[in-house]
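Chains here go by letter, A, B, C, D and E, matching the order in which they are written, and residues are numbered from 1 within each.
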């Protein structure tokens, strides 16, 4: 995949969108450069126009997989984790790397990212207000995209609870484990992201006082996300309890079956064993209806047992 | 179901209540419009009189199912979840959508809502004091209506605990699961509702300073609700433990039965097997009372086993 | 039970105590009226002297069972839950309803309440300092009375832990459940009571600045109570774990017994079965000592099994 | 045991140590009186020199067993719980009762207390700085003595974890229960002790501003203690999980054994039973090698079963 | 191992690095002395140049194993725990002892420590800015080194979850126990380390105002570490639940097998037993195809059972 660079800048209050080479030498106002599938050449090209801290560029090339905010003179570098794409594996978080300068914003990512696409479609609203506002719009969209992911997990957990109550199968355990892992993966990114947002809100140099409040708003959303993740982790643990209870229920059922069978057949087998003994003097053996009597005795014992178990509500 | 609109406004200190068309062109003082089962036409009619933000109207049409507060210029839109109606399914939370302007309040809901009915009955108390007070009365009533719901769940949990101790049945597990899900559903709405109330208390433009304290009071009630929900979620988890303990108790009982039966009958069967062997030289077989001796031996072994198990308190 | 009203008031620095009718028309200084087993007539009589808010009186008649503080003009109404009486059922919380005016205090309760009795006995200490101090003394005594109740529950839990380790019986589970329910009942009252105390401390109109600190002190005690309840709820959950572990231990024991018995007798029964077959040509049957050989073989197999199980430490 | 009183006071910058009767009538500077195994006579003797609040003295005589701080005019009474002595029972907390006046400190305890002994040995360092410093030294030493106790419990828990993984025995459960109870006992004293320290830090009358910070330091240590206790209570609960897992492991092992044995022997017994039937026409019975054929069939079935179980990794 | 001392000091803006004896008598600017495998002689040599508090030196000789900060006049002594070396045992935390004076920093440790090596390699960056900055660099590096350790544990837990779902073996339990213990060991050091960092941030005498913020930054990282440890301790407890569920699953499987085997063979054995009875009059025995009929009956019963179990989805 070759890198695909889209630059957006403003001339006469109109947002222009084109390749990197079309950006005016000394742009007046904010510039947003979005890079899909970046490679080393991209960074060289970017660096010519907007000096990027080399350490951060190196991080970018490896997509470091942990939300963070590094502040360099004149530019901040931030890593943000997106929730998995709808329909994708629940644990597959994706990453955006972002450079935020005073008048330029560089976003880098692999593959398409809905948050970027949606903000790009409304660039004329956000970009003229400044790069902070554009960054805010992207992060806001990214955080809001977490809620449906959590909702999906919540539905999965609810469904698993119902399925398990009906019939606890090992594949439910597997699905529960997958849902739990997805919740842990989300939980792992939310904590550092709250730090990133707190850090951004403190970045007076770059962020307008007005935008400050808005970044705090993202922080509130993340707090809500964290809260929901906690709730559903607890629900997941409850669901595990259901699994164990249903298992234990079924075990009781199995053992009852075994106990009933053994308790009915063991005495019958004993009776047949007794009349199979070879003693010379066994009066019953010579009785005319001894055989039928023995069969009748067996039947009576069996019926007695069945009656007993039914009364104890075992059967 | 056709929409049913009730408008309430004030003329000469008297609260009038009629259809939307009767509201004076330029009402002096607060107006409250309550809509049951709104449809698209309703919004068109409403919009003529009170400009509503289109995004919020769209939300309304889909009843978005998550408490939130969106602030638009001149009007706030809020979504509030009610506890399930008494007698209804415990998980069936219901929704009110609310527009709060400086001098008008629009409430929209599906079906009857007790909180609205009760406040409407006392509209002469609340409406003259302002739309904030009317909104406060509705939310206050709605929050207070959560307590009996929680109490019902608490009673259900207590009863389940007792039932399980007597006899743990799978249907108890099902009922416990239902109660737990209702608690999670309540928990899910309480968190965002606290945010909504906090947001309302900050809405200086609309809310009188005096009302501020009263909205905080609702926040305190919600905190108490959250606290009680947590307590009962814990009680629910305790009840699950009881279920497992009783199950395990019963399993012990079942296995004891099996072990006792097997331990008594296996030796007897062996004895009958031994005297059923066909060896040519088996002195006992020729004894006059060999058969009765063998039966006596079996009886002695059986009695010994019974005595042993009784002494070990197994039976 | 007829209502029993005791009024206490101050004349010339001496605390007088008599029926309601003896209270001077315009008492100088604080008046405390204690009512045991109130009925509707009582409220009529009380209302003549001290105007009581009708809504609160209605609450009183039904003993509302939830700690709360309602503020009316000139008087506060508070509901307080007492811990169960010593020797009574652990879950049987009792209630006092209290009206606190600027110079009068009305306390209502069913049956005897130790906190009231103890404060009444020292009324000469508290009443002259004001009704706040008298109320403080009652609540302080009531809160301190919770500690022995918790201690009793703690002892019960400790004893249950020991009993279960020795022998886990279903009645222990029942007792554990009762103790847990008592803890939940206490927990349910402590939260709202903390709110009541916080509310009282804010009641500047009624409560002397100096008394403020003392009400905070009650709040501290309630925090300690809440903390202890949490600790013992956790201990209770630990005790449940012990129950399950001991159960599981015993199950292992039972299953070992069954397995040992089955493993010893099944081979013996097979041997007896083999020599009970009716093949024409079975050389062993004709041996002189075939029978004894077979018995010997059985004994050897049994001993081998016993030795094997002993070595595996199963027996 | 007779009471043993050691008084320490300062004359000319030198700490004197002798019986109570040697203390000068009007000592200049701080006096510390340590009483081991106090009796009623002791209090009479003490009271002559340093007026003690009667209520506190009564508490002292019963060693009230709960950390607390009572403030009387001119003197504070505090109860402090020590961790169990090294080598003693883990749950055996011990108590010091302390009177703190402006210039005198009275400590009372049963038996030897290391914290007292250690501070007494360095009395020349602490006493000249004031009674607050002496009290601080004692409490500091007492709190530091909790860490090794917790460490011992931590080691016990770690060892139990290892032992249980190797072989879960009921005595391990007993030991775990003992360790847990010791943790709860410590937890029970730490909470109130933090209150006592907070109270002491507020006692401006008695405590030098400088000492204030040092008492806060003890509070920090207690917070650390509380934190560690929480950690190890959680470790204890984990250890219980190990116990249950290992139990469940072993149960699986036992049941596998039973299942394997039953599955091998039941078919063999059936075969022997079939050839033990008395039908007149059973061709196999007359075959020359029928018997050996039957034995061979049994052997083949047994080997087949063994092979099957081995393949399923059961044996 | 003999002690190995490396001193670093500044002459004319250049960092010199040599043995202790080469340090100028009165160095201008910060001096850092790093000691590997210290012995008593080292302290004597150090003490000649930089007076060290004797109590702290004693602690150093025993490597006290608990993070702490002791403040002496003119010098602070701190103990810091490093995470285990990569590839080493997860529970093997290592220790650095540090003396921080106004212009000198002494670090002591056993074996190589990566954090020290890495900071030493960049000493020209840190040392000229002051000893606080050098200390900050070391602690920062040490804290950052905890993240990969936690990540490794997280991977281990994730892998264990997968392994257990496939096949829960006792060795997985052992590995889980090891991972948990490593998490507890980390948790144990993080709490006190946060106290140390807080203490350092308060050390105005030694630490530049600017550095203050940076030490707070380390505190933030430690908070993140603590948070992650908590998350993974919870994941570990979840993994234990999986183990128990899979065990319980397998137990169900085993018991089903036993029940099926017993339920099939017991009736067959009974039939064979019945036709093995020795009654004189048993009509079936004389039937021409009685034997084959009996065999057929057995086959029919067996097939019926198999069909029944298959329908109940047991097999």
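Please note the rule applied: contacts are C-beta pairs under 8 Å (C-beta built on N, C-alpha and C of every residue); 3 or more make two chains touch, one makes a residue touch a chain.
In this text the structure is predicted, and so the values were computed from the model without any measurement.
Q: State which chains count as neighbours of chain D and simultaneously of chain E.
A: Expected: no chain.
Q: So if I look at the partners of chain A and the partners of chain D, which chains show up in both lists?
A: Touching chain A as well as chain D, we find E.
Q: Since chain C and chain E share one sequence, what rotation angle in degrees maps the C-alpha trace of one onto the other, as a multiple of 5?
A: 145
Q: Between chain B and chain D, what's the gap in Å when you average each chain's C-alpha atoms?
A: 40
Q: If you average the CA atoms of chain A and of chain B, how many Å lie between those two points?
A: Centres of chain A and chain B (C-alpha means) sit 25 Å apart.
Q: Do you know which chain E residues sit against two or more other chains?
A: 244, 248, 251, 255, 258, 262, 266, 269, 273, 276-278, 282 - these are the residues of chain E that touch more than one other chain.
Q: Testing understanding: with touching defined as stated, what is the shape of the graph linking the protein chains, line, ring, star, complete or other?
A: ring
Q: Can you name the residues of chain A that touch chain E in the complex?
A: That would be residues 170, 173-174, 177, 180-181, 184, 187-188, 191-192, 195, 233, 236-237, 240, 243-244, 247-248, 250-251, 254-255, 257-258, 261-262, 265-266, 268-269, 272-273, 275-278, 282, 284-291, 294-295, 298 of chain A.
Q: Using the touch definition up top, name the residues of chain D that touch chain E in the complex.
A: So the residues of chain D in touch with chain E come to 158, 161, 165, 220, 224, 227-228, 231, 234-235, 238, 241-242, 244-246, 248-249, 251-252, 255-256, 258-259, 262-263, 266-267, 269-270, 273-274, 276-282.
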